[in-house]
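Here chain A shows up in two complexes: once beside chain B, once beside chain C.
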Partner chain A sequence: MKNTKVILACIIVGLFGILPLGLNVYQQHVMIVCLFYVMMSASWNLLAGYTGQVSFAHAAFAGIGAYTSGILAVKAGLSPWLGIPLGVLFAAVIGFGVGLLCLKMGGIYLSLTTLGVSEIFHIIINNEYEITRGTMGLQVPGLLVEYSKTGYFYIMLVTAIVSLLVIYWMIHSNIGLNFRAVQNDEKAAASLGVDVIRIRVLAFTVSSALAGLAGGVYGHYLLLITPEIPSLDQQFLVLSMTIIGGMGSFIGPIIGAFTLEILSEYIRGYGEYHVLVFGLIALSMARFAPNGVVGLVQAGWAKRSTS
Partner chain B sequence: MLKGNGLCKNFGGVAALNDVDISLEKGSLIGLIGPNGAGKTTLFNAIAGAFSLSSGNLEFNGKSLNGKSANHICRLGIARTFQVPRPFAEMTCLENVLVPLVNRSRVGERTALLQEGREILDFVGLGNRDDILAKELNLVEKKRLEMARALCTNPQLLLLDEVLGGLNTQEIGAAVDLIVNLSEKRGIAVLWIEHVMGAIMGAAERIIVLDQGEKLMEGTPEEVAHDPRVIHAYLGA
Partner chain C sequence: MKKSMVCMVFVVLLIFIGSAGFVAAETLKIGVVGPRTGTAAATGKSFTEGIKLATDYVNAHGGVLGKKMEVVFEDTAGSPDKAASGFERLVTRDNVVMVLGESHSSAALAEIEVANRLKIPFIVAEAWADPITAKNYKFVFRAGPSNSGVVNETIAKWVIHEGFKKAYIVAENTDWGLGIGKLCEKALNAAGIANKTVVTERKGQDHYTELAKIKAFNPDVILAFVYGTGLHYFVAQAGEVHLTPKAIILDGAGPPSLWPDFWNNVGDYGNLECLVSSMHKDVELTKLATLFRKNYEKEFGKAPTDYKSRSIFDVVLIAADAINRAGTTDANALVDALEKTSLTVTRGQVAFGTTKGGPEYHQWMPPMLVIQWQDKNQIVLYPPAGATGSLKHK
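== the complex of A and B ==
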């Protein structure tokens, strides 16, 4: 079973490795955006799906990663290859702080607090025009000397795989077990020796750092960092991808990110109506498959094996 | 091993615990009884670190427990069960017992821990339930799972909060045997809250009676059963 999984993962990664050869520039762009959302959804899922802390500040952390690296590049001439790790570090530090702030909170209170944190960042970015260029966006240098979609595809692919490996390792280790124990019942977990404070803050820090990484790489691919990256629209898109894919499972957010991003490209032609289509999909998933695509497949498997 | 002096806990203006002294020796089996609202579970919560005391001193093996967090106290060797079972509902029984196992100070290989987890599930009578989600267990099984998880912390002191409620006569007999066995064979001290008087009077060496937050008396089951103050507290006559 374990071997089949590894082989399957290798085949998928291998297919992704040769994928850009068969795609035109536009399709390569869509794939890069997909990979960005894979990182965002998977890291949000680590926090929301495994420890039950439904944070609305995840897109803000992508923004922190992107703007840290972007500002360092523009103001200090620092290479993005150094700026992005610094952005990750800064996102981790802020994530640690927000995690501490939210320690005594759960459910809707935690969500509201993180919503507030997210708005604070958004307002700062919009108003500190001198530093962030506000809504105009910050023009930043790229990661490659010569711009190449294929090159960026591979950078994004490697970053996404590293992020996913970190997440996979975490949820299958003792840390992941403790995450789920805390999500299920904090008091019981504490009474059995789980250091609840450490576990909750750890989840926030790692998840924020991974969002910072995704945001940083994405920003230097777009060459223009705008307040769109840390926006609530972005946040809710990531949330929908995770929930529609299957929250609390490793593969769910990956499926959700690809499905929704590719779908949104297809229905872009409908203009304003594409929001309506999105809403309808989210609604029908919530009604008929509350555990997402993964839940649907699992239920199908269970039925087949019993009949 | 456990010493408490002058334990007080106030909730607003209500004194849930008022100047309670308690002392427990290694391997002893002590019953804790009293009418509803007497402060039994409050005393448990204070010992296990679910909240801090208003005043008083708690010591375990010479170390102060004051201000220590619940997980820290668990690692010092005190485990508890909850009156209303609190299983990790969306996790399997084996995963439920694995949580305390991996958080114990003496960490071993995952396979060895899984083996130990299965043995303990077997020991409490959940041997064929390894892969069932905890939410699918019935009440009796959930209480057994509480016990199994507490045992997996490798405790020196076990706080049991009404583990017999909802069990039939036969099951009560088996559970009492199991608890007596823990204290006699494994040397685990047990402090046991119970409303099933027949069971606890037969098994406990000594009984502590709480009433309205105060320690009414402490003595052998025989002494307690015939004490007029205890009869008065229970029957109000």
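== the complex of A and C ==
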């Protein structure tokens, strides 16, 4: 069974490896954006889906990664290849801090606090426009000397694979078991020797670091970093992708990210209404299929197996 | 279960790959970028109106390279990231041969980088920041106002002409606002006119703090570089605190004071407000300007107000003319043709600057007017040659 999984994973990665050969420049761009959302949704899912901490600051951490690397590149001339790891580190440190701040919080209180953190970050970016250029956008150097869509596709693919491997390893190790124990019942988990504080803060830190990585790479791909990356629109999009795909499952956010990003390209002509469409889909899924697409498929599969 | 998951991923990928097949073009596509949503969505509406009249005009006169011209409009919402990705989408998905438009400088500054990278000619219509052309990119042109052109040729001269002694500059925190604010400071200092500047948030709705500072300075004129409905809040709140009409407000962009909801939002506080514009029914420089007004009235059943509908009309005509003269859609040939443009449009005779080194490169600056609202009538104040009245104070 384990071998089958590895073979399947290798086939999928292999197919993605040759994917740019069959895609034009526009389709490659869409795939790159999909991979960014895969990283964002999967890392948010690690926090919300596995430890039950619904944070609204996830897009803000992507912004921290992007702006740290971008500002270092523009103001200090630092290579993005060094700036991105520093952005990841900074996002992790801030994530650790927010994790500690929210230690005693759960449910709506945690969500409201992270919403506040996100908004504070947004206000700083907009007001400190002499450093961040605010809504004007910070133009940053790319990761490649010669711009190449295919090159960025592979960079984003490798980054996404690394992120997914980290997440997969965590949820299939003892840490993942502890995550689930904390999500189900903190007191029961603590009585069984799980260090709840450590687990909650760890989830926040790792999730924030991965968001910072996604934001950093994405910003240097776009060559432009704007407050759109750490916006609430972005946050709710990531949330919708995870819920629609299937929160609390490894593959759910991946499916959600691809489905919604590709769908959004088709309905982009409707302007801001495409966010409304996503909201309606997310609402319908939450009401009729709370386990997302993955849950629907699992239910269908189980039904077929029994009949 | 795992198999079904993998199948789903493949199906999604196959749908995506299969549906993007390219259908041979029977029309020649031009891309337009501009805000259709956000605080300046009205500009997108004006662009749409101008595009309709321009495509009708071009197609009625033989089209482009023997084909009908088709315009694909991509919404940028005035946001640089949406603008850059929208521009790229027009080129890579819609296969447009040229891109036109834009009304936000920050969005245009993001777009010119894409135009330069993809080597696709881009004619900016109404984004004024100097660096757009000052970067001297081969594929970037501007057939519209530039910050330095508007300040040095119109705003500063008008302030001196009216004999104002003290001016307050209100600049939004955008490339356009900060750039034009700095140029105004420089021009007013050179003219010996006392001035101060305050920077305001682009999407700000509460200007009372800035207004208290401005009132303490007691200026004769306020040069407001705030685009979108934010300008409406500013004008209404300036009236509420009795800063106006003693001090005259100049809307340094123009269109927000011409949008249909202006009077609903500002009420009587809009009276005596001044604005910059390139269009007035009594100052039509060419026969095409008159034709544009008549066609607009016929098509939309109202008189044109927002001059940006006419700006995009001109830019579409400039693009069509360049494509026809080039005889090809090759980007380098289009740049050569654009550099040799000599075309009469609604705002005069177009000729792009070709001297490198400053914002004049690939720039054509149309003449601008200063207009004052007097009892809801537009009175041209400046330049004196086109004036239809004089400044009213209370």
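Everything that follows uses one rule, which is that the second predicted complex is superposed on the first by the 300 of 307 C-alpha atoms of A that agree within 3 Å, B and C clash if a C-alpha of one lies under 4 Å from a C-alpha of the other, contacts with A are read in each partner's own complex, and residues count from 1 in each chain.
The working rule: a residue touches a chain if its C-beta (ideal position, glycine included) is under 8 Å from a C-beta of that chain, and two chains touch if they have at least 3 such contacts.
All values derive from a computational prediction rather than experimental measurement.
Chemist: Let me test your reading of the model: by the given contact rule, A:Tyr129 touches which partner, first (chain B), second (chain C), both or neither?
Modeler: A:Tyr129: touches chain C, not chain B.
Chemist: By the touch definition at the top of the document, which applies to A:Asp195: first (chain B), second (chain C), both, or neither?
Modeler: In the superposed model, A:Asp195 contacts chain B only, not chain C.
Chemist: Now for A:Asn291: first (chain B), second (chain C), both, or neither, which partner does it touch?
Modeler: Touch status of A:Asn291: no partner.
Chemist: Would you check which partner chain A:Ser264 touches, where first means chain B only, second means chain C only, and both and neither mean what they say?
Modeler: Neither partner.
Chemist: Of the two partners chain B and chain C, indicate the one touching more residues belonging to chain A.
Modeler: Looking at chain B versus chain C, the one contacting more residues of chain A is C.
Chemist: Just to be sure I follow: which residues of chain A are touched by chain B in one complex and then by chain C in the other one?
Modeler: Overlap of chain B and chain C footprints on chain A: empty.
Chemist: Taking the touch rule as given, give the residues of chain A at its contact with chain C in the complex, in rising order.
Modeler: Spelled out, the residues of chain A in touch with chain C are 4-5, 8, 11-12, 19, 22-27, 29-30, 126-127, 129, 134-137, 139, 147, 222-224, 226, 228-229, 251, 254-255, 258-259, 262, 271-272, 293-294, 297-298, 300-301.
Chemist: Which of the residues in chain A come into contact with chain B in the complex?
Modeler: Touch list, chain A to chain B: 174, 177-178, 180-181, 183-185, 187-197.
Chemist: Applying the document's contact rule, which stretches of chain C touch chain A when the two form their complex?
Modeler: Chain C residues touching chain A: 1-2, 4-6, 8-9, 12-13, 15-17, 20, 36-37, 75, 77, 79-82, 84-85, 88-89, 92-93, 106, 109-110, 113, 117, 173-175, 201-203.
Chemist: Can you tell me which positions in chain B touch chain A when the two form their complex?
Modeler: Touch residues, chain B against chain A: 48-50, 69-71, 74-75, 79-80, 82, 86-91, 95, 98-100, 102-104, 149-150, 152-153.
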